[in-house]
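Two complexes, one shared chain (chain A), two partners (chain B, chain C).
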Partner chain A sequence: MMKGEAGYEQSQDCQVTVKLKKRGNLNIVLHSKMEKMFGDQIIQKAKEELDLLGVKHADVTIDDYSALDFVIQARIRTAVRRARDGEKDV
Partner chain B sequence: MYKMRTMLFCPANKPKMYLNAPVFKPDCILFDLEDAVAMSEKDAGRDLLCKAVETLEFGDCMVFARVNGTGTPFFEEDVRSIVPSGIRYMRLAMCDCPDDVVVLDQLLTEVEKANDIEVGTVKIQCSIETAKGVLNARETVKASDRVISLSFGAEDYTNSMGTVRTREGNELSYARTYLPVVAAEAGITAVDTVWSNYKDEEGFAEEVKWAKTLGFTGKSCIHPSQIKIAHTLLSPSAEEIEHAQRVVDAEREATAAGIGVFTVDNKMVDYPIINKARRILIQAGRLEK
Partner chain C sequence: MKKLQKNKIGREVPEHIIQMGDVKPYIRSGKRKENYITESDKVYTGKVVGSLKEAIVKSGLQDGMTISFHHHLRAGDMVLPKVMEAIDELGIKDLTICASSLTSSHECLIDYIKKGVVTGLQTSGMRGELGKQVSRGLLDTAVVFRTHGGRARAIQKGDVTIDVAFIATSCCDDMGNMNGQQGPSAFGSMGYAMVDARYAKKVVAVTDNLVDFPAYPVSIPQTLVDIVAVIDQIGDPELMGQGATRKTKNPVELTIAEYASQVLIASGLIKNGFSYQAGTGGVSLAVVRFLRDYMKENHIIGSFGSGGITSTMVELLNEGLFTGLLDVQTFDKGAVESIRYNGNHIEMDAGTYADPLTKGCVTNNLDIMILSATEVDVNFNVNVLTASNGNVMGALGGHPDTAAGAKLAIVVCPLVRKRIPIVVDEVQTICTPGPSVDVVVTERGIAVNPNNPLLKAELVKAGLPVCDIKELRDKAYSITGKPKPPVFGNDIIGVVEYRDGTVIDMIKNVID
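The block that comes next holds the complex of A and B.
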């Protein structure tokens, strides 16, 4: 299982950890002060980005510090690439 | 020529900057993939820039990306990633010679074709930052029709000269005098270097005035507080506009009356003065190009 991380613990940013797996579908865990209001939307945007990147099986953790959608998607993209680069290095 | 009175530097890997920068209404926002982004974060900066440009509106601001130099391992991926996302203006860091521009021009053409973007859409600003870059600038800016401006980078320049930056800026005299001439000959915009001590607004204002005197029409900015100062100083003053309007009005009357030479404020007006007046009115938005 290869892991990739991206983002910072800073306002309007988020920290994303992606662990790529061979099976088990997507498991997305969100920690956010905005979870009650925007949790579903954030998860939806994360799923859209993972789908775009062809990720079917992964554990994804998003620690959100009031990031907008484009930031969450960008951090997911970077974390997935880093996880995949890690796989190549093995 | 493009209106680039201010170019606000923003690290490409800081989400906050994408939201805050347009609020201050700089003429250009420069998202930096080069020095402002750590080596280990180049990929993250690129991803954030791409997503931001795909998603956000930046109003009337021209959105530039400063890409890493052609000799770095990041250059090609920078260009291949950000053009499809919508970046149309690039500042090429460490532009030392015409070949640097040619390499970027060729890569842009390839990427534009691959993404069904009209060839020549993406424009280039040459960042002149070394002694070699200064001496080659005249040829460098002519290496591609995409080049719309040049910018001066004093920090790397002083490093290449083995000197240091001072508040007075005498160490920059040669480059600062030469580069606006290069830009004027090529018909492109010249943007001056940053003023690093953003708390020293007086020093910043003096430097902008000096840059304007030498022929720069824009200033790279590192803090939003510098934008209003630069816009004020790099725009024609009310007096300049009023005088220019009287020159152009007087020319119109003289032409209608069949008079070749005329005076305004007891001074003879000839073509260089009329052209200068027109340039001021165009800058002020009072006259169509």
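The block that comes next holds the complex of A and C.
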């Protein structure tokens, strides 16, 4: 299983961890102070981004520190790329 | 479910609450005049006692009474916690606290509310865990939120009767002459407490600095004081001015400040003899610095600066850019020094500051007021009391008073704070009614209240990025998305009183 991380623990950023799997569901876990207000919206955006990147089997954790959507999408993209780079290295 | 009535600004408010009895719905902003009530107290001798318990017993405090505190020591206040501890030890219960405001130093109230020592709160606002728990129904009675001017009015008019006022003072003599300017815990103006001293049935001065008679200057005179209680420490001066005089380098805040100062200049109000008030916080203080440069370049001398006074305003006084400062609340060490030594830095009581029923309050003479906001809506209504998660986390302060009184009331706020949109469809809690607000300045555009078309024309002429407030709202939502509103229950945890004593809005309990 290949793992990629991106982002920092600071205000308006988020830390994304992506573990790519061969099979199984796409699980997204979100931790955010904004969960009640924006949780659904963040999960939706994350799904869209992962779909765009062709990720179908993965465990994704988003530790959000009040980031805007474009930040979350960018961090997901980088985390996925790093996970895939790791895959190639093997 | 309580019976509700619709007020003139379209909000539903309760018909009756325990803390108020029959609720008067908000009618309109305006100024009324009524004679100032005077009251004479007997002069006592032998006022000094060595402990708070002794003072409380001597004051005759009993179950069910109303006590008051000021918040001039803000986050550093030790007097409210110490007095409440002594009251609890004496077994007195069912008290209402009428405070000028409640800060992070007052979280002990949570326990006293749970124990039944405190059953009612009247305040300008509250923060932190106390605000969160009150928002979840900690109290059985609704909190009455009052503006600084509204509180002075309510006390003066008798809407609230204070049985015992506990007044923290950093310098007091054995007869009760006191000030907040001297001593190791000096905090500056005693503006809010001056009203309590005048109208409370019993006045207890609480000091950590008993000086030889006569204490001078006299902010509250001995004629109003029953008891002088001496304790170890009234407050932590380090915690008093936390964050108040932050010099911002944040580009968003500086952009807002620059636009706001351009609005001021374009308005034509910056001329000899103008009056000005700004709140604390990065943007407000940055506006003052822009304003200072403009005044110097154009040789303009203002009349007075008022309100909560910071060292930034003191700098302008010392440079001769204002004739005087009228100070109801002193925000930092530099300003405390100034009020102590500079005769043109003048202490002002809350009634003089903002009570709409006096024969003249300073807020009504203001030319310019710079205001902050937690939220602003498309009708220019402002919320400064509740957060987007529904919790009480702020204070009305002098916001509604100054907005109503000033010729030009400018709200400065970022369009988005973290992920929270600030310009919205409808604010959660109306604190300052839209008709009082002239301009909303954000980093992405300036919206002018449609009832002020001449100002709008001036700003457009000056080349400022003027737009409709609905455009600002749309921009905000396009960046953040539209948040899910918090889930509220049916209990009324607070009502928001407008400065004239009418109720402008109410706050319901938040359900997790």
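Side notes on the structure shown:
Heads up, the rule we're going with is that the second predicted complex is superposed on the first by the 90 of 90 C-alpha atoms of A that agree within 3 Å, B and C clash if a C-alpha of one lies under 4 Å from a C-alpha of the other, contacts with A are read in each partner's own complex, and residues count from 1 in each chain.
One rule holds in what follows: contacts are C-beta pairs under 8 Å (C-beta built on N, C-alpha and C of every residue); 3 or more make two chains touch, one makes a residue touch a chain.
In this text the structure is predicted, and so the values were computed from the model without any measurement.
Of the two partner chains placed around the shared chain by superposition, chain B is the only one that A:13 touches, whereas chain C remains out of contact. In the superposed pair of complexes, A:82 makes contact with chain B only, with no contact to chain C. More residues of chain A are in touch with B than with the other of chain B and chain C.
Once chain A of one complex is fitted onto chain A of the other, the partner contacts of A:67 extend to both chain B and chain C.
In the superposed model, A:34 makes contact with chain C only, not with chain B. Chain A uses residues 11-12, 67-69 to touch chain B in one structure and chain C in the other.
Taken together, the chain A residues at the contact with chain B in this complex read 6-7, 10-13, 67-71, 73-75, 77-78, 81-82. Of all the residues in chain A, the ones that touch chain C in their complex are 11-12, 34, 36-38, 40-41, 66-69.
The touching residues of chain C, when paired with chain A in their complex, are 388-389, 416, 418-420, 479-481, 483-484, 486.
If you check the complex, the residues on chain B that touch chain A are 15-16, 18-19, 43-44, 47-48, 50-52, 54-56.
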